[in-house]
Amino acid sequence: MPFDRTSLPPPGSVLLTDWTLAGSHDLRRLRADVADVLAGQRIPAARMLDAVPDKMSTAASELATNALCHGAPPTRVSLRRHAGAFIVDVTDADIHRFPVPVTGPTDGWGLRIVDGLADLTGWYTDEQVKHVWAQFTMPLWPLTA
Amino acid sequence: MPFDRTSLPPPGSVLLTDWTLAGSHDLRRLRADVADVLAGQRIPAARMLDAVPDKMSTAASELATNALCHGAPPTRVSLRRHAGAFIVDVTDADIHRFPVPVTGPTDGWGLRIVDGLADLTGWYTDEQVKHVWAQFTMPLWPLTA
Amino acid sequence: MTIDDIWSCMVSRDGAVCTVALAGEIDMSVHEAVLAVLLLEIDASGTDAVRVDLAAVSFLGSAGLRVLVEAKQAAEARACTFVVTGAKGPVRQVLEISELLGLLTEDGPSTSL
Amino acid sequence: MTIDDIWSCMVSRDGAVCTVALAGEIDMSVHEAVLAVLLLEIDASGTDAVRVDLAAVSFLGSAGLRVLVEAKQAAEARACTFVVTGAKGPVRQVLEISELLGLLTEDGPSTSL
């Protein structure tokens, strides 16, 4: 089950942009910025962006919401690129509490949404911060006959 | 001070229409109906309706709100005509609690609004119900030179 | 039975200034919902001022006045500016009668629109 | 700084059926206000059914899902029908992923709009 144990994102990704969020009123701008940065990326010929900007904008918003609600400030969001994929990585300063999959009727929607949208998800801590991340692979163009 | 003691409306008025209200969702219809009934009245040549429909629609709504909030069902509103004036009379079945002028920052606006809009106001009880009423005189046309 | 538009609110933001544009009839059947919206915007992180635009409000009764006064008090308690704009016609008359025009609006009791 | 339209709701009524048309982005910064509006309409005297129209909603996150589920539960507790309509694009996708489309809408999980 995703998010149920620590895991690192693929190594060697490149930072595209990052943001620090002061509060929930910054989520809106974050969603718009994430989609904008992705729309401005050069895409390999074999791949397409497709719904990746919408999906990552939602995922970034959900992970940042969790950091604001359940973690400790500062809440930092970074967008990284790794070959044919993009990674959103959200850090907060609480290294003792971490994502826990929840399946109630009213709780636990955040991680479930991110899991449903992303191709790969995970979390880990280093000495200062906890990272929660999600990876989105750009789909390949269908092969034409 | 208006509403501070019992008083009867002028005698000899004629009933135009009445309504029974089940709850606060009926207030909206009441306001529209009061204005409509007044707009359809024959007006003496020397007088004009002017802002009377708007004012009475607001006053009816306020008195009915009080009956719904502070009185006992049924809440009945009647619109009466008396020479150059109209009277709105709201009854409810609580004959032991009655209008009390209140002057707090957040309370007491209902009676103050009705007092401000109407030319004459009052309340009284009979054996079954309490009446709270407000009278609106149609203004005379200004005399032309 | 026809479809009635009861009320609506539109929340927008210009930096730290939040505008809540109300429309329709604000009576006791909707005052709690309106108050909830105003209090949450007043409490929102990043809000310094809340403006309530009444231009599209066609009825404002005592329940609506109470909402505005309670919102004003809540805003003052957290040093948030709270101001009412756009009241006209019967809505403005109710604010005038209740002598709240000066307290709630920027134009005060003697200015007429 | 530009003016952003954050969210809005428009409440209308057709007999005992109340429609709340939401618009804009429904995230954790506005979910309490939206829930307050929905609960008050569900509790309103004379309401048998509440329809939430999401056609103009451009973002619905987990906080928005929670609002819809809590409103649904509150409605069921008082035998009021509660149904969500008009979800499309990313909003519909979030409802699908969370497997709430069948619970909240009339068209169910297998119908596509």
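The letters A, B, C and D name the chains in turn, as written, and every chain counts its residues from 1.
Please note the rule applied: a contact is a pair of C-beta atoms (placed from the backbone, for glycine too) under 8 Å apart; a residue touches a chain by one contact, two chains touch by 3 or more.
Please read all numbers here as calculations on a predicted model, not as lab measurements.
Visitor: When you check each chain against subunit C and subunit D, which touch both of them?
Guide: Touching subunit C as well as subunit D, we find A, B.
Visitor: Which chain's centre, taken as the mean of its Cα atoms, is farthest from the centre of subunit A?
Guide: Comparing chain centres, B lies farthest from subunit A.
Visitor: Could you tell me the distance, in whole angstrom, between the mean C-alpha positions of subunit A and subunit B?
Guide: Taking the mean C-alpha position of each chain, the two centres sit 61 Å apart.
Visitor: Quick one: report the Å distance separating subunit A from subunit D, using the average Cα coordinate of each chain.
Guide: Here the centre of subunit D sits 26 Å away from the centre of subunit A.
Visitor: Averaging only over C-alpha atoms, locate the centres of subunit A and subunit C and give their separation in whole Å.
Guide: 39
Visitor: Which residues of subunit C are in contact with two or more other chains?
Guide: 4, 6, 13, 29, 44-45
Visitor: Can you list the residues of subunit A that touch 2 or more other chains?
Guide: 23-25
Visitor: How would one label the connectivity among the chains shown: line, ring, star, complete, or other?
Guide: other
Visitor: According to the definition already given, which pairs of chains are in contact?
Guide: All chain pairs meeting the touch criterion are A-C, A-D, B-C, B-D, C-D.
Visitor: Which residues of subunit C touch subunit A in their complex?
Guide: Subunit C residues touching subunit A: 13, 44-47.
Visitor: Which subunit C residues qualify as touching subunit D in the complex?
Guide: Touch list, subunit C to subunit D: 1-15, 18, 23-24, 29-30, 32-33, 36-37, 40-41, 44-45.
Visitor: In their complex, what parts of subunit A are in touch with subunit D?
Guide: 23-25, 27-28, 31, 51, 54-55, 58, 61-62, 65, 68-69, 105-107, 109-110, 112-113, 116-117
Visitor: List the residues on subunit B that touch subunit D in their complex, please.
Guide: Residues in contact with subunit D: 22-26.
Visitor: List the residues on subunit D that touch subunit A in their complex, please.
Guide: 4, 6, 25, 27-29, 59, 61-63, 65-66, 69-70, 73, 89-90, 93-94, 97-98
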